[in-house]
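Sharing a structure here in C-alpha cells format.
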C-alpha cells in the first residue's frame, strides 16, 4: 500500500527529436462525431471508389499484416494504380510492401518497424525523397493501441536506450508512481487504415480469423477505414454470433468485396499463397526491378479482379484454395 | 506533422491523495518469472484447495462480472467460508457482492466503482473497519488494463474534475505532446483474481462467451489467478479453435471444475438465473440481514456442490438450464 | 396515438426521454433502469435505427424482452443479436474516441452546473450517507458528446452544489473548466428530465425549458433547492400515450421495479390530468 | 545419435541453439528464420514442452511443417493447433509482463555489450547503408528475461560499438544502464551463438565460452573486430547429429533458404571435421 507522493513536476529525462504524426485526441473525437456513420448504411463500393474517396495525397496510412499474409493487396495495388503521392507509411511488420510503395512513387515518409530496404528505397533516401523515422514493430502497434484509446501517449517497457529512441517521438520520464525511468511513446492516429478480413457485412462489421498484427487498433485509431473482405456475409449472420465481430461497423467507412485480395499471399483458412509469385515479388524488389512487377500485376490491369482473370486464372486460384487444408478456427 | 517539443519537465497539476495498491511493474515481472507455470501441468483442484492456496488474508482481490452474471460465486462463497480477512476489493461493476463480503467480515478496503451501500457496509464504515477509495467502473477496468500491460500508469479521458479524483491515486498532468491537461491513473495489479468462465482445459486455457467486464485484463494483471469453469474441456478441443481462447494457461494458477458456479445468477448460454434467490440476496443485503442468507447458502454447506444438492436440487437446475434458450455465440 | 389514462411519474420521465431518441445516433445507457428502458422505448416506437451500448460493451443488441429481474447487462437476453460483444473497456474506449453521441443516466443529486452526485450525501469522510458510487456514469458524463440525466423533481435532488462530484457536469461552471480538468473538448450535460419537466443549460447553468401539463412552473421551482434559470417560453410536454405505457409495462419494466420505485401517479379525469394515487 | 557427415555453418549455429531449449520455458522467436527453426528443432528433439510465441501473438502452436516460402507467421500452417491466437501487442504485452523466458534473435552487428544493430551501417543520416530495422527484436531484447543472439562469426559483425543500437544490450555496459533507460530490471543479453562458437557475458561484456571442434580460439578471435573476453576454459561443442540435420532439411528449412544463405560447409573426412565446400 502506497500513499500518492506529490511531485509538482515529472522529469523528462530524454526526448526523441523526430517529427511524428500529429497528436490531437480532441480533434480525432470531432472527426469521429462529424464523419463516422452511426446508422446502419451500406458502405459497399469498389476498390477504385474506396481509394478515390478515402485515400488522399499526403495521408498517413497504415495497412494490416503484410503483402504475404492477409495483406490488403487489392487496395495497396489500387493506391499505386491511382498514383497517390507523399504517403506517410506505418512500416510495422512489413516486408516487400514499403519497397513497392516507394518504387511506385507513392511514399515520402516511413515510420519503421521493419521493411526490406531495397534499391528503390535506398535511391529515394539518397535523393532526399524519403524520410525514415525509427521505431520498432511493437512500438508502432502500441502507438496504434494508444491512438485506438483516444489517449495522447502510452508507457512501454521497451525502446529505452536504443538509438531509435533518439530518432523517434518517444520520451523518457520519471514515472510519478514509482520514480523509475519510464518510456512513453506518442499515440498514432493514421489518416487511413486498410485492412483485409475474411468476412464482413455491408455495414462494415468485420470478422477476422487467425493471428493478427494490429487490425483492431488500426480500425479504431484511424480517421478513414477501408475494409476489404473475402466474403460479404449477411448481417443476420453477424448477429447470430456477436463474439466473432472484431471491428464494429461504425469504425468502417468503406467495404470492398474482394475475393482473393491477398493474392499472391495467403489468407489463412481460405487459400495458400502462390509461391512462385511470392518469390517473384521478393526478387523484384530486392534486385531493384520493381517496375516490371508493378507493370504486370498492377498498372496493366484496371482492377484486382481483372488481374486475377488475366494473370492468374481459375486453375491456380482453385489450387491455392485446395492447398489450404486447415479449417479449425477459421469458420464461424 | 509535429516536431517533438522538449520540455524538461511535465507539470503535475493535481494529485489524488488516497492510498493505492502498490505499483511495481518490475516486481510483478519477477513474480511471473518465479511463480507462473510455463509448462503444461494440470492445475485442477477443488474450490477449497484453490482458495486455501491462493487467497491470503490482506490480499487485494478482483473478481469478474458480479454475483448475478457469470459471477465466480462458488469461489466467493468459499472465500467467505474460509473467513479470509482484510481483503482489499476491486469494487467495479459489483452489486450485492461487496455487501456480502463486508457482511461476512472478509473485507477492509474497497476501491469503487459501484456497489450497493448496504447497512453492513455503513456499519463497517462507521466503525472504522472499512475504507473506501473513489474510482469509477471504467477507471477501475482501465487500471487493470494498465496492470495487464505491465506499465505503471495509463492516461484516460474521464475522471478529471470529480471529487473521486481527489480521493484516488489519479493525477492530472500536462500531456507533453499536446500541452493539454490529461488525467493519468495508477495501474492495478491485484494479488488475486477469481474468474468464472464457460470452458477451460485443465491447464487453464479458458474460453469466455458473451460480453464481459475485465476478465482478460484481470487474468493478466493479477499475481494469482483462480479460474472456475462450467465445463472442463480437452486441450485437443482448445487447439482445434485457438481463436476462442481468451486467457492462456500460463496466467492461470488454479482451475476449478464448477458447474452452476454462477448460481443464483446466470451464466449466459448455459443457464438463466434463479429469480427467487436473486431477490432473496438483494433483500438480505439491502435490509442488513445478510447473515441468514450466508448461513443458508454458504456457511451451512461444505462446498458449492453440496449447496446445489441440499438447497437447490435437480429440478431447479434443469429448469434454469431450460429457461436459457439462447445459444448463438455461446458454443464453439 | 391514444392518450394514456393513468401512469406513474417515472413513466412520464421515461417517455419524455424516449421521444428524444434519434435514428443514427449512439447511446450509452447507464446501468439497467430508467436510462436503458427509455432508450429501448424510443427505439421501439420512434427511432428503430438508434443504437446503444451498455457498460459490458455490448454493441447494438436486439434484446429478447422482457429481461429476468436484474439481468439487464451481460445476460444472454440483454446481449442478444448484438452486432458485437465487448467488455467494459470497449464501452469506455469507444466513448473516449467520440463514438458515443448521447449518454443517458440517472442520479441522486444534480447541481446548477450539471454535476452529479451518486457517492455521498453530506461531507465526505465526516458522517453523512454513502451511496453506491458512479459506476459507469463518470465515463458517460465525461466522454459522451451529450448527456441526458433522468432524476426525480425534488428539493434534495436539485441543489446549488452537489456534496460530491461523482460524475462531471460543467464543474465550477467557468468556461473551459472541463478541458482544464482533462476532459474532452465540447462535451457536457445537455438535458435533465424529471417527471415534471425538462432542463437544458444556458452558459453552463441549468435552465427549465419544459413542463408537464399537470404541473406549473412555480410548483417545479418549489421543488428546486437551487433555483434554475427559466426559459422565456416554457414548453408544455405531451403526456404519455397508451402505446408508450403499454410497451413499458408489457415488454420493458414488466415487474414495475423501475416505474413503481418512486413518485406518484397521474390520472386523466376526463378533462385533464391530475396527480393522484394509483389506487 | 549419429554424427552428421556434412552440414552448413548455419546448421551448426541452429543445432547449438536447439540444444539449449528447455522444457517448461517460453521462447519468443524473432521473425521466421534461424531463431524459429532453432526453437522448433529443439522442441522436436530435446524439449517438447518448450513453448513459443512469434510476433503475431500465436501462443504455443504445433505447426504443420514444412512452411510455404516466407509463410512463417500468420499463415495457417504456422499458427496451427495453437493454444491461443493473438496479435503483435499480445506478444509485446506478455513480454512486458515477464512471461517470456527467452528471446531468440539474429542480427547483422553486435558489440561488446550485446547491443544489436539491424538499422544502419555507418553514421545515421550521413551516407552509410540502411538495413531493415529492428522489427520485433527491440521488444525481445528489452523484455525477455534472457536473449540468445544468433549471428555469423565475422569481423564486421563483432564490433566495439554498433553504429546504431536497434535493440538494446547492456547499452554502455555500466551497471544499471538498462534500468536507467526505462527497461525492465534484471534482463539482458545471455548468449551469442555463431557457427564457430558461443559467448556469454561477464560483467556485461561479451566473453567467448565455447568453440566448435574444427575452429580454434585464435581463429575465432581473428574474426572479431572487438576482442571479447575469453573464459578460462573454452568448452568444445558437439558437432551436429544426423538426426538434427535431417530434421532441419526435411521438415524445417526444406528449401535451404536459411541454412544455405551464408557461410561455408563442414565435412567429416573420416577422422575429423574440416571446413570445405559443399561440392
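To keep things simple, chains are lettered A, B, C and D as they appear, and every chain counts its residues starting from 1.
Simple rule for what comes next: a residue touches a chain if its C-beta (ideal position, glycine included) is under 8 Å from a C-beta of that chain, and two chains touch if they have at least 3 such contacts.
It should be emphasised that the depicted structure is a prediction, and the values quoted were computed from it without experimental measurement.
Among the remaining chains, those touching chain A as well as chain C are B. The chain pair B-D and the chain pair A-D differ in C-beta contact count, and the higher one is A-D. Comparing the CA-atom centres of all chains against that of chain A, the greatest distance is found for C. Note: centroid distance chain A to chain B, computed from Cα atoms, is 35 Å. A separation of 60 Å divides the Cα centre of chain C from that of chain D.
Averaging Cα coordinates per chain places chain B and chain D 40 Å apart.
If you average the Cα atoms of chain A and of chain D, the two centres end up 28 Å apart. Of all residues in chain B, those touching 2 or more other chains are 25-26, 150-151, 156-157, 180, 182, 210, 239-240, 242-243, 328-329, listed in ascending order.
Shown for chain C are the residues in touch with two or more other chains, namely 58, 79, 81-82, 85, 96, 184. The touch graph of these protein chains has some other shape, matching none of line, ring, star or complete. Per the contact rule defined earlier, chains pair up in contact as A-B, A-C, A-D, B-C, B-D. Those residues of chain C whose C-beta lies close enough to touch chain A in the complex are 23-26, 49, 51, 58-62, 79, 81-85, 93, 96-99, 101, 145, 184-186.
For chain A in complex with chain B, the touching residues are 1-4, 6-12, 15-26, 150-157, 169, 171, 173, 175-178, 180, 182, 184, 186-187, 209-210, 239-244, 328-329.
Only residues 25-26, 28-33, 36-40, 148-151, 205, 220, 235, 238-240, 242-243, 245-246, 248-250 of chain A touch chain C when the two sit together in their complex. By the touch rule above, chain C contacts chain B in their complex via residues 55-58, 64, 68-71, 73-77, 79-82, 85-89, 91-92, 95-96, 119, 124, 129-139, 141-143, 164-168, 171, 177-184.
Considering their complex, residues 65, 68-70, 91-93, 95, 112-117, 121-122, 125, 132, 134, 136-139, 141-142, 145, 156-164, 167, 172, 180-183, 210-217, 266, 268-269, 272-273, 275, 278-279, 282, 324, 326, 328-330 of chain A touch chain D.
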